[in-house]
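Next come the structures, one after another.
What follows is a pair of complexes built around chain A, which joins chain B in one and chain C in the other.
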Partner chain A sequence: MVENDRFGSLLAHLILILGVAAVVFPVYVAVIASTHAPGTFLQGVMPLLPGSHAIENYRTVIFEGRAQAGAPPIGLMLWNSFVMAMMVAVGKIAISLLSAFAIVYFRFRFRIFFFWVIFLTLMLPVEVRIVPTYAVVANLGLLNSYAGLSIPLIASATATFLFRQFFMTVPEEMLEAARVDGAGPMKFFKDILLPLSITNIAAMFVIMFIYGWNQYLWPLLVTNDERYYTVVMGIQRMVTGADSEPLWHLVMATVVLAALPPILVILFMQRLFVKGLVETEK
Partner chain B sequence: MARIVMDDLHKVYPGGVKAVTGISLDIADGEMIVLVGPSGCGKSTLLRMVAGLETITGGTLKIGDRVVNQLEPADRDIAMVFQNYALYPHMTVYNNLAYGLRNKGVPKAEIERRVQEAAGMLQIADYLDRKPRALSGGQRQRVAMGRALVREPAAFLFDEPLSNLDAKLRVQMRVEIRQLQKRLGTTSLYVTHDQLEALTLADRLVVLNAGQIEQVGTPMELYRRPATVFVAGFIGSPAMNMIDMAYLRDRGAAPSALPGGTDLVGIRPDDLSLTPPPGPAMVLQGRVALLEPAGAESHIYVTLDANAQPITVRVPGLPEVTEGAVVTLHAPLEALHPFNSASGKRTD
Partner chain C sequence: MQTKRMTFSSRWLPYALLAPQVLITLVFFIWPASQALWQSMLRQDPFGLRTTFVWFRNFERLFDNPLYLASMKTTAIFSVATTLLAMSLSLLFAVMVNRMLRSREWYTTFLVWPYAVAPAIAGVLWWFMFNTSVGIVPYMLQGFGYDWNHRLDGTDAMILVVLAAAWKQISYNFLFFLAGLQSIPQSLIEAAAIDGASRTKRFWTIVFPLLSPTTFFLMVVNVVYAMFDTFGVIHATTEGGPAQATNILVYNVFRDGFVNGNLGASAAQSVVLMGIVVVLTVVQFRWIERRVNY
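Here is the complex of A and B:
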């Protein structure tokens, strides 16, 4: 759109700026709130300029936690969240790559049936199957463990479907050339399909990592041991955990810290993502 | 280096579609065989059966001394050049060439030697570090050839390898493929739908139609003496003119010397002339519908009255005829191709 319509372009920018402001403002408030003294937040008037307690607040959150309110130091919770998100993202990608590979490249009985079964699970998010899933996990003795946190979330119809669509665009001749070159199915998968899928894998990783990181209800159910609390549920416990008023300055500091890893993942993966887009060609 | 023997090969797809029905062909060691035919005639299927990419549902296929019906492509000692090259986009040219050898467990030094040798032969030595996307169409074609070359196989299989190149490059690569094949002396099976490519490349030409062989022979044999109406129409450009005997008889132009059963007469556009030839000739009259100058030669399209299909005449240079004028055409009797339309076969 190369146009000399000044008004149109001005309007477009105005709408975009309003949109950005609506998204950024709450984040800004959170950052600001995390730099003020304990009482400031409760006075009814939110300051919009940074306060002077930033270092003190963050030090408290990171090293002490709210021991008196039953929340562990945030470091452990961040680590738990990271482990869970990594397991979910890597597991989802590995499983859906393999199942998409099976569905696209192998002719087995009930192939289409299995594809639709996988597809159907799209309609059953964790929340719908949460009671039976909890029962299964509890009976397997996986409560309060990383396995219990991540395995029930690890199958992904979305990723399977995405990889299936991608594999179907890989020319048939590529497989045939590999067969003539003496590559068996797994060798073809490893040497040809995986490198070609790298951009899709990066995109999926970003989405699935954030999905895993943002899980709230599931970790809340399967963990009651502090050592396995994730940061998102930790925030909730900080708000409601104590008898006293919520310590908003500390909550906000935790929120800011909890939002950092997903942002880093996006920044890091975006480079790889764009690089992949520029470099590969089917 | 190997002989390829096809004995009564059949291919029936699961849906019941018959792609190849009873093809027998004996390809000598070092021979270049071109399979040619219209789309859907089964030529690609046949090639892919030889490669092992399609299962063989009937008959036996031997490469060298082995029956290879059940072998995987990699175990058949063949190399294939694909229509779309099918280069691995994420690998450098060097790795594209080396991939098959590595899978076979060829020692590193040997891989290096073979890749360098093939790259030298194909003049792609300067591009070995590049990825396929950084190459032009012609260079990609060479890499695809190189991938076949390094395997040092018993046979090369080409599946319309030149159809993605522009006309000039196609001619150049055609010459190179032919020279390379002659130098290496490797048995080759080449599929194309381009009859010019077929005529120029083949030691022997196989014309396929509807899953069966119409005729096998050297290109000139097929050109001079097509065995069926189909081959007559397929080989040669512009295509051979076909005229009904009944039409000729009505006009008193029917040559008396043609064998019994002939009801269709074929004449190559080159054999028709505007001036009487020295020997006995068949004479036809018609009106010039279109004059098509094509540089060194011209094509004249002549409508014979009551004959729907205009006939084509090829003459050197630019003739002095005007569109709409009545012309007399002469065809030497020995240049006529007599056919029977019911059987589709030649009658002499």
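Here is the complex of A and C:
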């Protein structure tokens, strides 16, 4: 700190507290709404203090769903989201580690060509080519399956790029020593490279888990069977599905449950998260 | 592109290692993208019986279509507003947090977590706060004599989706701005302070220019985010309405392809979007090159 300026830092605290309040407020409102009885919302503007129906609302949402509107219980959707997020995160990390290993530790024909094929995918988000990608998945018979939900999202250049950058910083001596001791490529990969990459893998996992959990358009397209709905897309059906005003207390309970797992991941692994986020872009 | 000085040699192993990723890329990325290119030059008759090759007619039609042009304008307004709002707020927060010593971690934790909230959920959260019958914000606005109604008023709806989209993006920008601020050498700032430059002056003449690589990078990332990742925000709330007021390009592709079943038009729009993505990526890469020289 260059100079001591009392007033300035007071102002800074004030701005930050207001900022934090503004950032937290939407979620606060959602949590409050999820603790009220349905009747509360008929009386006009919603209250800002918690109600007494929290347990009841959450139990309804998780185990029963809304029978009259055809919304399945959230329990299954949460599970589906979890499976999808895990498959996307683990799958991405696995195939990216392998391809980054090949690109950095081997010289072979068409190496540069493959590198670019992989990098093209950086440029094309799913949103841009929805119809043809949907057609491919439909032709492969992958609609309404975990494979259809996750495999098309597994290929992305970000993770490959991160691991390539990291492998380039691993000292040459590691490889030399391993070869002197007679280790083959896969042994080197398994016993030296993987243990060295563990922090990067964990950081990548945090980012990719959140990415997988928060997918919206893709599950919307490839599932029409309730058993495969994910929770983030399920909310949309609750809000716009019925003609009447949505049952806000249940919708907000679902919103809280859907947002909670990735938020917890960030809060508990903040350092890994920041590392993963900042390094994938460099 | 480099490898290690010393490498393994194997005839087949590198190909086997690359196979899973290349295969998935080919099947789910390259093939559909080329399909989009091909379909964008076809037209089906209304019954889907005959398909004719029409060269660039789909594109001509697209750019003659006032609805599509309006959607482009909407997208531009939406992206610029979201980017400006998200970036200026997060720069403000980052500069303030950077002054703190003891409370830095604490504030960071509180500002970082919205990153985890899915765009669709962010949309629903704001949708609820602004809900005309139970929402808290219209109630307060009424106190100021403003009658909020995003179901009828296009501007209100646009403000709503911009707020939701920007809210979610603040944490990302904040982290990058904070990292950028921390990499600025303290000695420069101290030197300027000794010469008597005030805090504000130091910010605009030293910190802000030195931060420009980060700012530029974030600008591209934010525009990409606003154009493509906000599908959930729109779809879960306004669904492009009222009267197309929030119908951004990505939503339009989805609607033409899946709701209206107009494959040729949807494919042509996909191609236009891919073009935009490629241009933005090239801009990004040039920026990286420049930063290396910098």
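In the analysis below, the second predicted complex is superposed on the first by the 250 of 282 C-alpha atoms of A that agree within 3 Å, B and C clash if a C-alpha of one lies under 4 Å from a C-alpha of the other, contacts with A are read in each partner's own complex, and residues count from 1 in each chain.
In this text, a residue touches a chain if its C-beta (ideal position, glycine included) is under 8 Å from a C-beta of that chain, and two chains touch if they have at least 3 such contacts.
Please read these numbers as outputs of a predicted model, since none were measured by experiment.
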Winner by number of chain A residues touched, once chain B and chain C are compared: C
Touched partner set for A:Leu18, first chain B, second chain C, both or neither: neither
Partner chain(s) touched by A:Ala259 [first = chain B, second = chain C, both, neither]: second
Which superposed partner A:Trp213 touches (first chain B, second chain C, both, neither): second
Partner chain(s) touched by A:Leu10 [first = chain B, second = chain C, both, neither]: neither
First (chain B), second (chain C), both or neither touched by A:Ile192: first
Partner chain in contact with A:Ala138 - chain B first, chain C second, else both or neither: neither
Partner chain(s) touched by A:Glu176 [first = chain B, second = chain C, both, neither]: both
Intersection of the chain A residues that touch chain B with those that touch chain C: 176, 179, 281
Contact set on chain B toward chain A in their complex: 51-53, 72-74, 78-80, 82-84, 86-90, 99-100, 103-104, 131-133, 147
Partner chain A, residues of chain C touching it in the complex: 1-10, 13-15, 17-18, 20-22, 24-33, 35-36, 39, 89, 92-93, 96-97, 99-101, 103, 107-122, 124-129, 131, 133-136, 139, 167, 170, 172, 175-176, 179, 189-190, 193, 199, 217, 221, 228-229, 231-232, 235-237, 239, 250, 253-254, 257-258, 263, 266-267, 270, 273-274, 277-278, 281
Footprint of chain B on chain A - complex, ascending: 171, 173-174, 176-183, 187, 191-192, 195-196, 279-282
Residue ranges of chain A touching chain C (in the complex, touch as defined): 1-3, 5, 8-9, 12-13, 15-16, 19-20, 23-27, 29-30, 33, 41, 44-46, 48, 94-96, 98-99, 101-108, 111-112, 114-115, 117-118, 120-125, 127-137, 140, 151-152, 154-155, 160, 168, 172, 175-176, 179, 184-186, 188, 210, 213-217, 220-221, 232-233, 235-236, 239-240, 245, 248, 251-252, 255, 258-259, 262-263, 265-267, 270, 273-274, 277-278, 281
